[in-house]
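Chains here go by letter, A, B and C, matching the order in which they are written, and residues are numbered from 1 within each.
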């Protein structure tokens, strides 16, 4: 494989890439899934190091990125920046410039995961990743931050296309709906889904209880994407109405904006969310849809976000989407880092 | 190497496998030891991922499993499930079904280690591993649980066969004896040794102070194994008598059953054990044996479980057995996971 | 590559090796830098395991050693000995003999990092590493201890030679100067620099405030090295005088000897150090030099140890030296561990 046009590119949000660039990655991901251990792929990162910085822990993201590096012939280092003293406003330490420049000498790329709990205000995590990307001469991949989760968004698209057996999602209705739950989720997966799927021409319905608005800037972008793609966009505050005619239902808990103001009180968020027991994706609601797919970035909070019957039902593509994380990440790494 | 008949099989306890299956692994382990880095073995797990879940920490088990994956051309991910929210009776989280099914998409196999301290009652650890095995479509290897430690058992057998220079352990006397000590050990290595060696026809003597009974169900199985193999089985509560005529002495501390009831008080267990100062494998006792081998799963608590002279003496095979962990694990992984 | 004469050798301090041996490693490091992923190097540790014991955390050392193993075709295991019960004077546990002998069966080499905070008295860390080296049959590499940091010293030399475009550092003046700072650094990098550069014939000036003496035994060795090499050695207690005519300035904070006596109080050390605001390597001081290089083992405490202008200036070689860590470590591992 010759060096890709995407070589050297960061991936922080799918919105930063052109549709052509995203399609290039999705195409390679599909090929890689079909021929997973083919020789043409297993030495693309031969003997190269990918650095993974997990400010926040993760199971699936860590497993899939580390496996991606292994399958490309490279090695992913699992790093928890606890022992790393970065300079902050109030304490001495290393600058991001110094850290990023040295890592650029050791590695072919780096991934960073930083979410609520490790940041002071909403946006700080995304900002930190962008600072790393600014200073590093190697590609920086967002492995989930407080705003975006590009590899999840790509895996979602790949999963829907497989299930519909068509690359065109145009005109299909996506219901992106809040679910109650006991795990107080970040906004990144949901916002990334809205951003990428609105660009691909899906009709977008977002539904959540009053008080659970997402990032207004992101929502403006989603609305603009829909306008550009000639598709529809609506926000509902109803736990049932949005299901009508949906082709895909993405039910997922997320925190209220209050959680991002002045320190996250996770317990309070959970108690608040658990009051909305009507907000669950169950069989009776799915019956209103156009035989919709069920999609979710996992881990699934069964019995809260979604019923067992739907999550394990024939239209659920949650395991396929989770598997696709591996393939899209391999494709992103191959194209941005492969020599 | 063609795909083995063992392909896809879990290994949770050696008792779950037929003797023919165990011999198949032991034969390959011996070959792998003789030609450790031979090309015929170094790509059996080429670019494959083995997931290691360490609920409890470990030095030797981690090193040997991770090295095993490396030597087979694959990569073992070291995972500590601290950041993983599994659903429990009392808290929300991911189901084992969801976790295991996704991991089956990323990896060629997984290993789990879970012992006292991370479980509520004796048997919970083994049960968790069996639930993973039930849900996963990839092989699950027990890397030590509260009941069993199959790879240790296999390494023990391999070590004794090497030292005796014969594959037949039939009719040799194994003294499995409790030692005092300050480390409050689990039952898994000792129970696995009794299970596998009784099936191989060794005459079994178990010796421990009153109050240190092992799992009665396991002991019934050991007794049944001896009957089936036509060998002898006895339990003694004497620190010396069992040495008479022994061909192998396996001296090792283990906790009393009380430790598994209602929360482990490690300090209390240690204080209780340290009173039995007579229970040590030393030169005077070894003189009563049939020039017995000394065997131990390590780490050795020298001066308590065994004297320095015996542990470092000419009949001690502790380092060889520890090395064999690597080879049997490579053989198990190659046969259950190698394409 | 045939097995090197260095095969099997430990590297605990550069002073333990002959100059010829050090030059052999430096020569290979330069070749490896020039042809980083050449086939002649990428299978030197093929499928081999290198064990890294981090008693103390580290970013650069971990990244560079793990990448080094990957680039040589092997794998480095990242181990934090928290879960490892080594025997101490006051508690039961495994002996170093037992631990080291088993590891020698699994791995081709091991690295150990142990500094203040994990030791009781100055010298204990270096002593522990030497005990491991004594018992292990595989090479033991010091990844920084309380006294020495050999790979940093080698990387420093490589960086200066590159910048001066000559292998001969003889007669060049090295100013090794204390800087104030908020990070309370260990002595190892500074002492290693003094030891290796004095042997290579550099004229040595050490400068620090009264009360910041380094290890007197090491200083005696440095003085002896200078005598043997026919170069000069002086100690100054002035923050400015030493810059006069310097060819290389190495400004770095280090703790006072008090910190090593009776338990480290890091906060107290920092407060004491922060009073010496004159002790900073800045442009006005660098103007006094012979257009000196600026060198530092990183992480840099900018604004304290050195001004931004110097650290990011045209004569700063900090990133090159950091990169060289990778190359010298690859060369050391290849020559001491490569079959």
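The criterion applied here is as follows: a contact is a pair of C-beta atoms (placed from the backbone, for glycine too) under 8 Å apart; a residue touches a chain by one contact, two chains touch by 3 or more.
These numbers come from a predicted model, not from an experiment.
Engineer: Tell me which chains count as touching both chain A and chain B.
Structural biologist: Under the touch definition, chain A and chain B have C as mutual neighbours.
Engineer: When chain B touches chain C, do the two copies use mostly the same residue numbers, with over half shared, or different ones?
Structural biologist: Different, since most residue numbers here occur in only one copy.
Engineer: Return the distance between the CA-based centres of chain B and chain C, expressed in whole Å.
Structural biologist: The answer is 41 Å.
Engineer: Give the residues of chain B that touch two or more other chains, as numbers and ranges in rising order.
Structural biologist: Residues 75, 78 of chain B each touch two or more of the other chains.
Engineer: Where on chain B does chain A make contact in their complex?
Structural biologist: Against chain A, the touching part of chain B is residues 46-49, 51, 74-75, 77-79, 81-85, 87, 91-95, 97-99, 101-103, 105-107.
Engineer: Would you pull the chain A residues touching chain B in the complex into a rising list?
Structural biologist: 37, 42, 57-60, 62-64, 66-67, 70-71, 73, 75, 78, 181-183, 298-302, 304, 311-312, 318-319, 322-323, 326
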